[in-house]
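Each structure below appears as structure tokens.
The following pair of complexes shares a single chain, chain A, combined with chain B in the former and chain C in the latter.
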Partner chain A sequence: MSGRFREGSLSARFGRQFVTLVLALTLFFLAVPVVMTFVSSFASDWFGVFPTGFVTLGNWEDVIVGTGVGADVSVGSSLAYSTGLALGGVVINLIVGVPIAYAVARYEFWGRDWVNVFAILPLAPGIILGVAFLRTYPDLSTSGIALIIGYSLLKAPYMVMAVQSSFQSMDLQQIEESARSLGASWPRTFLTVIVPNARTGIIAGSIISWTLAAAEFNFSYIVYSRGTPPLAIFLFNNITNASFLNAAAAVSVFFLLIALVTIALQIIGNRGAVRRI
Partner chain B sequence: MAADQVSTGTRAVESVRTTVGSLVSPASERQREIRRIVALCLPFSVLLLFSGVFPLTEMFRISFSESRLVTEGFTVEYYRAMVTDPYYRNIAFNTLWFAAATTVTSIAVAVPVAHALEKYALPAKSVILTVLSFPNSLPGIVAAFMIIILFGNTGILSNVFAFLSGQSRIDVAIATSVGGLFFAYIYSMIPRALLLLRGTYAEVNTDAEEAARVLGATPLQTFRYVTLPQIKPGLIGASILVFRTGLAIFGTVLILKGLLVWTLQIDRELAQGFNIAQASAMATVWFVFVFGFTVLMLRYTSAEVSI
Partner chain C sequence: MSEVSLERVTKRFDSTVAVNDVSIDIDDGEVMGIVGPSGCGKTTALRLVAGFETPTDGTIRYDGDDVTHVPPENRNVGLVFQSYALFNNMSVLKNVTFGPKMHGVGKEERRERAHELLELLDIEELADRNPKTLSGGQQQRVGLARALAIEPHILLLDEPMTGLDAKLKQTLRQELGQLLDDLGVTTLYVTHDQEQAMSMCDRIAVMNEGHLEQIGTPAEIYEEPANEFVAGFIGTANLLDGTVRDGTLSLGFEDVDTPEAVASNGAVTVLVRPDDIPVGSGPIDVEVTNLFYQGEHIQATGELPDGRELTLRLDRSETAVGIGDTISIDFDPESLHIIESTR
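Now for the complex of A and B:
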């Protein structure tokens, strides 16, 4: 029966194998370095073909406790600092992102498409915004406030998209009209009926924009001047200055963070968001 | 003519006054709705203004400044340098061809991968999806480290190539060359392209594909004449976004160095003598180019941007 489908053509014979091969190579290319980084962070040296001297926690200890040499700090203080900065960014994102996502999802108005484009396309990437901040708010850069404001603008699109996907699965007009007809004012309807119903998207958006803010390097590198380095700068210092396996351990700390976030997103059941992050 | 202008002016003032009036004390349900929309968009607009528009304007202003640290006078010296100095022209050329080449490669890889994910019954599909989307949350510096693991002096693939060619590992390690940077770029760009293309692929009409196969088209012909026209808008949209991503990459280049691109030169202007005026001029050119490019492409192609 399959003979009718011109099995003789090249693409019929090798097309599937070729596509599968591309998939396999891509998976290898993307996954192997991640696995090797994690594995080698437990090794004591890597001079030959494979890392040797398993299992040692020395590299992790250097990263977690800090080596105490020069200005080298432990991951704890950087992680705590970045957690705080990224949380500040998330708070701003919630305040600005949820309302605009609702406006676009619920109402028809002139210029709605443009509002949507501005809300979900990043205005400028980290490095450009960094230069602009350096010029405009030079005094803020040492306090971390500039970092918080910058993170919130850079990561707002992810919050808007996550919340929008929640809103799109709700019958907003019906919910709003039911609440209004039961006597709730419009602000009350928005805050106590609409927002709680979109909590999956809001939590997912918060987690995603938090992670991406904690991982933002380009903007942090340009704006950061002194004090505790944010997590991304800590990673950079480790990759450029520390020993290779210490760097592997520092990058592995970051992997664990992403893994935790992915699990958290799966628990709250936002599968679309998991793939987006 | 002048009278016309005056009347247009008064009309504009009048319409602004009525708009503001209807926002403060709306009289109809429609006006109340407009007030709500404005209120909902206001927080985002404030953030956009203070952390986006205002800093970018300041950046634009100092790029014409005669003094290096404060905005003073007017000069196009920094822009003239970018146009006349072959050094900058070379960087611009590097940036553009490199971003274009990596975009084409990433899309070329992402299309078959998206095809396999959509059409084939794959084992452990959720693991595959996790692996393919994981790099989306990695910053560029980590992507650079991944390339050092693969192509560095003790890199896995360096060892393989050394074994195959019989040369020393150090000679075949390409992590810090243009080739290594190329792989580092596509390490970040393939997952991004895939994210966009999977959405496009999910909407392809499979009935038409099956009909084509039954009528005797080979798989390649089916892809070329049935699938490709359907995914074309998504393909163009993905290319635009991935190209933008490629132009914005900075952390990766900072570590691997490989090629002097625009973003790296911006950092060098700041690092070597804090020439913020020149850095601002370069950032302005970057911003205007990418903004104009995006608007033009979205306007004049059939691109479909779905993030």
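Now for the complex of A and C:
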């Protein structure tokens, strides 16, 4: 009885391979500039198709030591400054974002949907928030406080979303009520049971919002006025003032940072997965 | 352990009355069940006892003391949920010592108490494990150990076996029943599963739409249900309309002596359980319309001469009976229970 069990159509037979191929080509297309930039940071020339004159650490020296070729300061001081500012933003997000994520996941209250929308949608672009900040608090722009507050506002959605997904995977009400019936007050329940149970989401949210804050350009560009530049401004100065190869070394610092963060997130994700088994 | 009572308790949520003027007294060491269909108010009743809800009206007492407005953390209640709600950020041992720690019990004493309970529940080897890695049955035992570790005034069990498979449920039911008996813990057991409640509880409160329909021992509830709802909810029931006139009960197709004292003549509803109807001989012919083989017996649906349906229980050996056959049955006046006025 031929034809009774027909072979699949063309899309059924080759669809998967086709999608895989398109995906691989797209990833290759996106990854090549990153790899080329990183590789060229160790080259002394790039006039033709490929960089030449390997291997030199001169470009990295300009960036790390801060010879003044691209920016006035070394990447270390700029990175340290941004690390501190972004950490400040993360701390604010932990204090405000975690309770908001909890409230939205746990309770029914008037305006809950609106709180949720405002907390998880990055509504104001950095540039607009920056201008608004300068108009409202002109004195703050000389200190890092404006940057810290702005970073926390801009990156809050990533914290709230990561923590919320952790909360949503638990039976919050029953866990909270169990702890309270065992004699724990509400604050104690929140700090010793609820928050530790959402640890994976809190760590992931902190890392993501920190990384994005450390690299936030638009808001930093508008608000920053003098002193050590935040990392994003440092990178921008390198790109605009120095040769491409020098800028490549500066940008590679950021690539390495992203790679480290990605690895950290993977490890956290795997730990979460192991615990779930 | 202690006595716990709900005195004329009402709980309203906006326009919904979840619990309506309910009074239940739970004696010291008693296992009280609350059963009823979904939305009947049984979980709200449990939450009122635990302190997670405050009654709109009425009083809740522990050992005579009014605890109506005492927050849950000060009530000393042991709570086991359907999901067990174990703390996955702590080991099994830490889960069990959490309650005593919150009550200010010293480290050595609380560890000792936890080990005793884990041993009693036969899960000592799990002390260092993370609750996430345990099976449903093991998690339930940990939840129970954790709730018992605070030596609660009352143990509250909210559908604690719903997620388990049938065989495990049966085993745990026996073990839990035995354990509660041995420990003498005052317990409130909320479930929609009337079979579980019947086998585990000293008394059962049947709730429907926020009302307490009846409270009594499992035998009282089964044999003498207060109304049609209780009769239909607990076990399989045949409810037949009949008329009482001068000591005779007329069922339409059969007249029998009234089985018990009936206050007045008039229309009544009569309960007869399938297992109380002798099959094989008798004056009433029933046509079999459906058969359900259930392993231990066969449940049959039959049509009475006047067209009304009746559920019957056939012996497993009666496999010769088929759909469309006519079988003879009898009604034993002793096994009929008259539910006088229907609401």
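FYI, the second predicted complex is superposed on the first by the 241 of 277 C-alpha atoms of A that agree within 3 Å, B and C clash if a C-alpha of one lies under 4 Å from a C-alpha of the other, contacts with A are read in each partner's own complex, and residues count from 1 in each chain.
The rule is short, and it goes like this: a residue touches a chain if its C-beta (ideal position, glycine included) is under 8 Å from a C-beta of that chain, and two chains touch if they have at least 3 such contacts.
Since we're looking at a predicted model, the values are computed, not measured.
K.L.:
Putting chain B and chain C onto chain A via the overlay, clash or fit?
P.N.:
Here chain B and chain C can both sit on chain A without a clash.
K.L.:
So in the superposed three-chain picture, is A:Leu23 touching just chain B, just chain C, both, or none of them (first/second/both/neither)?
P.N.:
First partner only.
K.L.:
Of the two partner chains, chain B (first) and chain C (second), which one does A:Ile239 touch, if any: first, second, both, or neither?
P.N.:
So A:Ile239 only meets chain B here.
K.L.:
Name the contact category of A:Asp171: first (chain B only), second (chain C only), both, or neither.
P.N.:
Touch status of A:Asp171: second partner only.
K.L.:
Return first, second, both or neither, reflecting whether A:Gly183 touches chain B, chain C, both chains, or no partner chain.
P.N.:
In the superposition, A:Gly183 touches chain C alone.
K.L.:
In the superposed arrangement, which partner chain does A:Ile95 touch: chain B (first), chain C (second), both, or neither?
P.N.:
In the superposed model, A:Ile95 contacts chain B only, not chain C.
K.L.:
In the superposed model, which partner reaches more residues of chain A, chain B or chain C?
P.N.:
B
K.L.:
Touch test for A:Leu140: chain B only (first), chain C only (second), both, or neither?
P.N.:
A:Leu140 contacts neither chain B nor chain C.
K.L.:
According to the stated criteria, A:Arg199 is in contact with first (chain B), second (chain C), both, or neither; which is it?
P.N.:
second
K.L.:
Report, in whole Å, the shortest distance between any C-alpha atom of chain B and any C-alpha atom of chain C after the two complexes are superposed.
P.N.:
Superposition on chain A places chain B and chain C at a least C-alpha distance of 5 Å.
K.L.:
Residues of chain A that sit at the chain B interface in one complex and at the chain C interface in the other, please.
P.N.:
275-277
K.L.:
With touch defined as at the start, can you tell me which chain A residues reach chain B in the complex?
P.N.:
Within the complex, chain A touches chain B at residues 4-6, 9-12, 15-16, 18-20, 22-23, 26-27, 29-34, 36-37, 40, 46-49, 92, 95-97, 99-100, 102-103, 107, 109, 115, 118-121, 123-129, 131-137, 149-150, 152-153, 156-157, 161, 186, 211-212, 215-218, 221-222, 232, 235-236, 239-240, 244, 247-248, 251, 254, 258, 261-262, 274-277.
K.L.:
Would you mind writing out the residues of chain A in touch with chain C in their complex?
P.N.:
Within the complex, chain A contacts chain C at residues 170-171, 174-175, 177-185, 188, 193, 196-197, 199, 275-277.
K.L.:
Which residues of chain C touch chain A in their complex?
P.N.:
50-52, 71-79, 81-83, 85-89, 98-99, 102-103, 130, 132-133, 146-147, 150, 156
K.L.:
Can you check the complex and tell me which residues of chain B touch chain A?
P.N.:
Touch list, chain B to chain A: 32-34, 36-37, 39-44, 46-48, 50-52, 54-56, 58-59, 62, 109, 112-113, 115-117, 120, 122, 128-142, 144-147, 149-150, 154, 156, 159, 183, 187, 190-191, 195, 198, 213-214, 216, 218-221, 223, 248, 250-251, 254-255, 263, 266-267, 270, 276, 279-280, 283, 286-287, 294, 305, 307.
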